[in-house]
């Protein structure tokens, strides 16, 4: 890049002024970064993932396992000694596992269950979320990067060959949202031949392909992007998990969820393949919090804020092939 | 190999989209780049400043950010265009900043005496730029421009992140279904290499033909 | 007025000055009209409402974004260090007198230069885990960026090494240095100084590349913007703020590159008065190869 020398003095002056502003700003930002960085892990922003450790216990009544439930040499004992539960999850799944930038806390149904499990093992809700939005959760579990996965992890027999599933702890399903006033779309088959929006790498893509083989699928990286795209007519419908769509409809009156969920997705708690000890331990915990009404409370605090009515009956543990 | 062959239609579609993206963005970047470069060397201070701001802004914001902003922001202010069109325009405008910089350094490499001689013959700003300075500048900028255009070819892959199913997105989708990453991604990589080497070849030919004997 | 501008126009006379003034007025008006139109369209669609911007006047939003910026820096610095080390080795390979080394380094550069960084990211993200190699998120971003930028740095270093006069090496050999010593003690120090501006501008390109963290879901600046937009549903405002942060940071870095370049041009001019036949410093090889 060779400078065009001797242009006009005026441009040099503006440049110099701009430089001063820029250096000041960047110095400022560096200073603030240095002030607020706390050497957070590489996987999540500083003050983000490990914020659970400092936070007050959101469920003071949640149970803690008896010492006899944690045998020596078990994974649970390892976690207890570490003092932190490593959870594979998301930071950007509203209602389920969404980071609140104001507090740094990760909030939602999945996140709360993770905290309760941590409390059950360790005695305090100390969780570190390892952001694992990609299709690599099996590998994260098998190489021990995370202890458990709470991330809309649908139980399937194929996946059960690589990981163990406790649960199911929740049943959801894919639904269709359209712009208010759209007619002629009531069920997935109506999408055939139309342009449909879906989140990149979500189960919506194979589901649409199966039920509406001639639909043209357009994918975007995140839920708000998909909503924006729907509002901007980049597709006639948006296929996504029902609870997410309901939440979107609440915050954006221009959106309408049509029909009932057309798939049944039982979510499981992902564990290392073959660890039957941990699996029955986690299933025991799940039963306890369901009996104590804590599962229902977590639902009310998250999904229940957008879905009307009382908390649903939790699915029977071990009721799904693969669990 | 089956993973690759069985999905050839999908990958071929993706390759065609990449080709179309590349060629259209190519053309757009060339036109916009010449305009911006002209503004940056023009005698009008406002235009020079505008050109500088353009180049500085576009070169310092990641293309991915610009793409996301354009795809979701433009419809909000009443500009409605398809995903493909938006991607072409954004990539073209982004690379135009690089084309303009390459052209400008080429223009500055032309000896001042050439411009003085052109004016002595009675040519104005536009005339001397078009007939005397640019032809000489072009010969020296073919190589840097070729690099910019290879960069453009690579950058078309970012359109995948805003919903355009070009070669990279097609490869990724096929891989999600087939779970055979090595043949699929290697195939896509080879296609990109082929594209880039075509650009390199064209650059070489152009360079020989544009060489100005001094 | 120095030589640069005399190429296209002389010191303007009265008529030319008047013409310039008119053109200034017209283009200023046109640009203002364009800006006004954009602002009007934003306002008409409610995108300028105070409520939509207010969150970005609060500290927690900025704390979150700056946290993202910090991760961006971290990824950029580590990738740059790895890419530069790799680039230096590749450059040495390309100027080596062993054909096999030359060929291997040349092939690496030619291949990697022509494969999009995003494709490499996809390979690491979706390809390698199938073969049992699942890197932590940070490395899923850093490894592909280092691999692709190593090729770019190699080209920069090679241009620098080549710009050092052959006589320098020959003189070194003549006084009994080995090839390696001559390279290390004589050629590289001179080359390094000459390519510094190119290295800085390539690093700006690399910093921009870290925005691919958006695809990897590594929480750098752009991905942090995405989490924020998910939370506050202010997609457009968030990404505009993110774009401005990138602009300020990268423009400052580019400024630094230009400052270095100007200082070197000055030094080169001073040196040239005593040594007319010396080759010019390499023209900054195409600022950045990648986005």
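Note that the chains are named A, B and C in the order they appear, and that numbering of residues resets to 1 at the start of each chain.
By our rule, contacts are C-beta pairs under 8 Å (C-beta built on N, C-alpha and C of every residue); 3 or more make two chains touch, one makes a residue touch a chain.
A quick note: this is a predicted structure, and the numbers were derived from the prediction, not measured.
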**Study point:** Graph separation of chain A and chain B (steps between touching chains)
**Key:** 1
Practice item. Tell me, please, which two chains come out on top when C-beta pairs in contact are counted per chain pair. Key: B-C
Revision key, fill the gap. Using C-alpha atoms only, the most centrally placed chain is C
Study note, to complete from the structure: By Cα centroid distance, the chain farthest from chain B is A
Check your understanding: So how far apart, in whole Å, are chain A and chain B when each is placed at the average of its C-alpha atoms?
Key -> 37
Study note, to complete from the structure: Whole-Å distance, C-alpha centre of chain B to that of chain C, is 17
Review point. If you average the CA atoms of chain A and of chain C, how many Å lie between those two points?
Key: 34
Review point. When you check chain B against every other chain, which residues touch at least two of them?
Key: 41, 45, 68, 72, 76, 101, 105, 108, 161, 176
Study note, to complete from the structure: Multi-partner residues in chain A (2 or more other chains touched) are 1-2, 4, 7, 135, 221, 225, 228
Practice item. At least two other chains touched by the same residue of chain C: list those residues. Key: 3-4, 126, 214-215, 235, 251, 283, 287
Revision key, fill the gap. Chain C residues touching chain A in their complex are 1-5, 60-64, 66-71, 73-74, 125-126, 129, 132, 134, 136-138, 140, 197, 201, 214-219, 224, 226-231, 233, 235, 245, 248-249, 251-252, 255, 257-258, 261-262, 283-284, 287
Review point. Within the complex, which stretch of chain B touches chain A?
Key: 40-41, 45, 48-49, 52, 68, 71-72, 75-76, 80, 83, 101, 104-105, 108-109, 161-163, 169, 173, 176-177
**Study point:** Complex interface listing, chain A residues touching chain C
**Key:** 1-7, 18-19, 22-23, 25-26, 29, 32-33, 36-37, 40, 42-48, 91-92, 94, 98-104, 130-136, 138-140, 143, 145, 221-225, 228, 251-252
Check your understanding: If you look only at chain B, which of its residues touch chain C in the complex?
Key -> 41, 43-47, 50, 56-57, 59-66, 68-69, 72-73, 76-79, 94, 98, 101-102, 105, 107-108, 110-112, 114-116, 119, 125, 128-129, 133, 144, 147-148, 150-151, 153-158, 160-161, 168, 171-172, 175-176, 179, 181-182, 185, 188-189, 192-193, 195-197
Review point. What residues of chain A sit close enough to touch chain B in their complex?
Key: 1-2, 4, 7-8, 10-11, 14, 135, 201, 205-206, 218-221, 225, 228-229, 232-234
